[in-house]
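Next come two complexes built around subunit A: one with subunit B, the other with subunit C.
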Partner chain A sequence: MAAEHAPTASEYIVHHLSFLTSAKQTSLVDWSVFHIDTLFYSTILGLLGVFVMARLAARATSGVPGRFQAAVEIIIEMVADQAKGIVHSPESRKFVAPLALTVFVWIFLMNAMDLVPVDLLPMAGAAVGIDYMRVVATADLNATLGMSLGVLLLCIYYSIKIKGFGGWMHELFTTPFGAHPLLWPVNFSMQMIEYVAKTVSHGMRLFGNMYAGELIFMLIALMGAAWAGTLGSGLLWIGHIIAGTIWAIFHILIITLQAFIFMMLTLVYIGQAHESH
Partner chain B sequence: MEGNIVGFVALAAGLIIGLGAAGACIGIGIMGSRFLEASARQPELMNTLQTKMFLLVGLIDAAFIIGTGIALWYTTANPFIK
Partner chain C sequence: MNLNATLFAQLVVFFILAWFTMKFVWPPIMKALDERASKIADGLAAADKAKTDLQLAERRATDELRKARETSNELRAGAERQGAQVLDEARAEAARIVAAARTAAEGEAGVAAQRAKEALRDQVALLAVAGAERILRKEIDAAKHADLLNQLKAEL
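And now, the complex of A and B:
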């Protein structure tokens, strides 16, 4: 950012909402553009989660567990319980329950990047020549929709695996209204709408929450940037600390809740794929 | 002309946040009261219901928070002014 003038509020927000892209985006859907920051942070956090869990699993004891092991055991038990209640086939659960755990831990870690001060990592990046950086990977629609598309593919996979291709086709054309041939197009379009709505709302929900949370953190940071030595700006500066603390505490709830909801909906959608009508 | 747009966008942001908040609060209020009623009647179900209640809180809240995010985006980095 240019040093000769301080950015205005709009410039600050727009700058902080710009991704580090591999190329300039020319249209709304541009497949040649990669968001390097999103890819970087999601990969790093995914590896971190896997690494920590694997290390813990390697030295887990059956005796008195340490604090960290107990915490991980609580999470695993919680996910396993939810999976047991929603996905009834034990064979699928061998894959689906670890998937749900991965989704939960990964999304939680990516959401938790929201709690890092908004300017810390972008400024560190700017110091080494990276001008744009967004640290919250789940505040990128591409990341969340990518994950929900993955869930959609799994739903289709399990639909075909459990009911057979014919059975799935039969379901697509005969539910929800009935098997009469006149109703086939209606049924099919209803099913398609359901699949699209499920997938889009699944990804949008996580994205919207994280995006709004990030934006509010930036607005709070703007309050702090108003510091100019006068009394009013000093009060604003104190206000930004108070507001930031309150929002961060509230946000701990939101990031956990959104990770939990994404995990639960993953389980519910895959569970639905197992039920035949 | 630009002043007009700024005014309209400010009104729109107020409506987005206000109506969204009203809807979400009414929804969560109704659900919370039902949850309390249900757990007063059957305290042993409280834990299972609580999980589901939090899930639904997140679902209800999502639309409102998405709206708030969009409204804040409009107010801070107005896309309608070129």
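And now, the complex of A and C:
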């Protein structure tokens, strides 16, 4: 950020929507570029989540639980109940239920970065020479699509594991319309559309919610940044406090809900892979 | 909205975290939960059992109490009966003793009366003899008239 003059509103927004990249990305898709900030925050938060839970798990008692253990147990039982209701194979649940827990906790933590004041970490980064930083990893399409792609791979894995490769192929070509050879291409294209739609909507839903939420936080921050000693700017500054408070409180719901939705869809898609049509 | 290699990195991290959770987080916590559930179930079962035991013990205690009361009543009735019997026996014994004493006293009194009578007879005989002696003086020989006197004595 240029320190000499205050950025205009659009400069501020554009700056805040820029990732810290490993190289300048010029095209829409470039597989040689990394978003360092997304990877950093998603990995750190993921490790934080699972290590805290693992530490707790290591000294989990079957006696009277402490408050923290009870809280984690509530989440785990919620996930276990959902998994039991949706994925009917106990063998698959051994992996799918912990996966759903990971997804929920991880996405919740990444979403929760939205509640950190929008300029706090980027300004701290700027102070040590990191010019761009986006702290909400789930507001990066790469992160959400990466996860939904993981779910797609699991769907394919379990489809083949449960139905066999032949069974899966049979399903791809004969459902939803029927087994007549003329219908095979139609069925197959329908199935492909379904898989793509599932995966893209899965990732896009989370991304869209978090991106929009982050953008609104930035717009609210612009109101506070308008402070210039005049009455109008003073009102805007107060508006920042009011709007920021309301949006942050509302966002507590959003971040939990989106984490829950992503987890539920993960379970539903993997559950569907277990069912023969 | 650029797509790049971050996506694949995220995909890999996703699986690593899920694997880690499956390995180190899920099983111990589920084990603790299951253990606690079984502990609670055991506790509830034990409480139920204790309740039934208590009921049984109460019933047994009531039975014992009732039995003890019955026994004591029986004992008291027996004792009363026995007491009455002893009393009756004692009364009968006393009556018998009194009767015997009366009989003995009566017998003794009879004998004494007889003896007194006989002594009186002797005395009367002696007196009669003495009187006769005085009246008759020499005319009457005591030895000669002993038969007559004895006869008289027997008639008295």
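Keep in mind that, in the parts below, the second predicted complex is superposed on the first by the 277 of 277 C-alpha atoms of A that agree within 3 Å, B and C clash if a C-alpha of one lies under 4 Å from a C-alpha of the other, contacts with A are read in each partner's own complex, and residues count from 1 in each chain.
Rule of thumb we're sticking to: a contact is a pair of C-beta atoms (placed from the backbone, for glycine too) under 8 Å apart; a residue touches a chain by one contact, two chains touch by 3 or more.
Since the structure is predicted, the reported quantities are computational estimates derived from the model, not experimental observations.
With both structures placed on the common chain, the touch criterion links A:31 to subunit C but leaves subunit B unconnected.
In the overlay built on the shared chain, the residue A:168 is in contact with neither subunit B nor subunit C. By the touch criterion defined above, A:13 lies against subunit B but remains apart from subunit C after alignment on the C-alpha atoms of chain A.
When the two structures are aligned on the shared chain, A:108 is found in touch with neither subunit B nor subunit C. Contact with neither subunit B nor subunit C is seen for A:217 once the two complexes are overlaid on the shared chain. Once chain A of one complex is fitted onto chain A of the other, the partner contacts of A:261 are limited to subunit B, with no touch recorded for subunit C. When subunit A is checked against subunit B and against subunit C, the one touching more of its residues turns out to be C. Once the two complexes are overlaid on the shared chain, A:269 sits clear of subunit B and of subunit C alike. Shared-chain residue A:41: touches no atom of subunit B or subunit C. Put simply, subunit C touches subunit A in their complex at residues 1-11, 13-15, 17-18, 20-22, 24-36, 39. Residues of subunit B touching subunit A in their complex: 51, 54-55, 57-59, 61-62, 65-66, 68-69, 72-73, 76-78. Residues 19, 21, 25, 28-35, 38-39, 42-43, 46-47, 49-50, 53-54, 56-58, 60-63, 65, 69, 72-73, 76-77, 80, 94-95, 97-99, 101-103, 106, 140-143, 145-147, 149-150, 153 of subunit A touch subunit C in their complex.
Against subunit B, the residues of subunit A that register as touching in their complex are 9-10, 13-14, 17, 82, 204-205, 208-209, 211-213, 215-216, 219, 254, 257-258, 260-261, 264.
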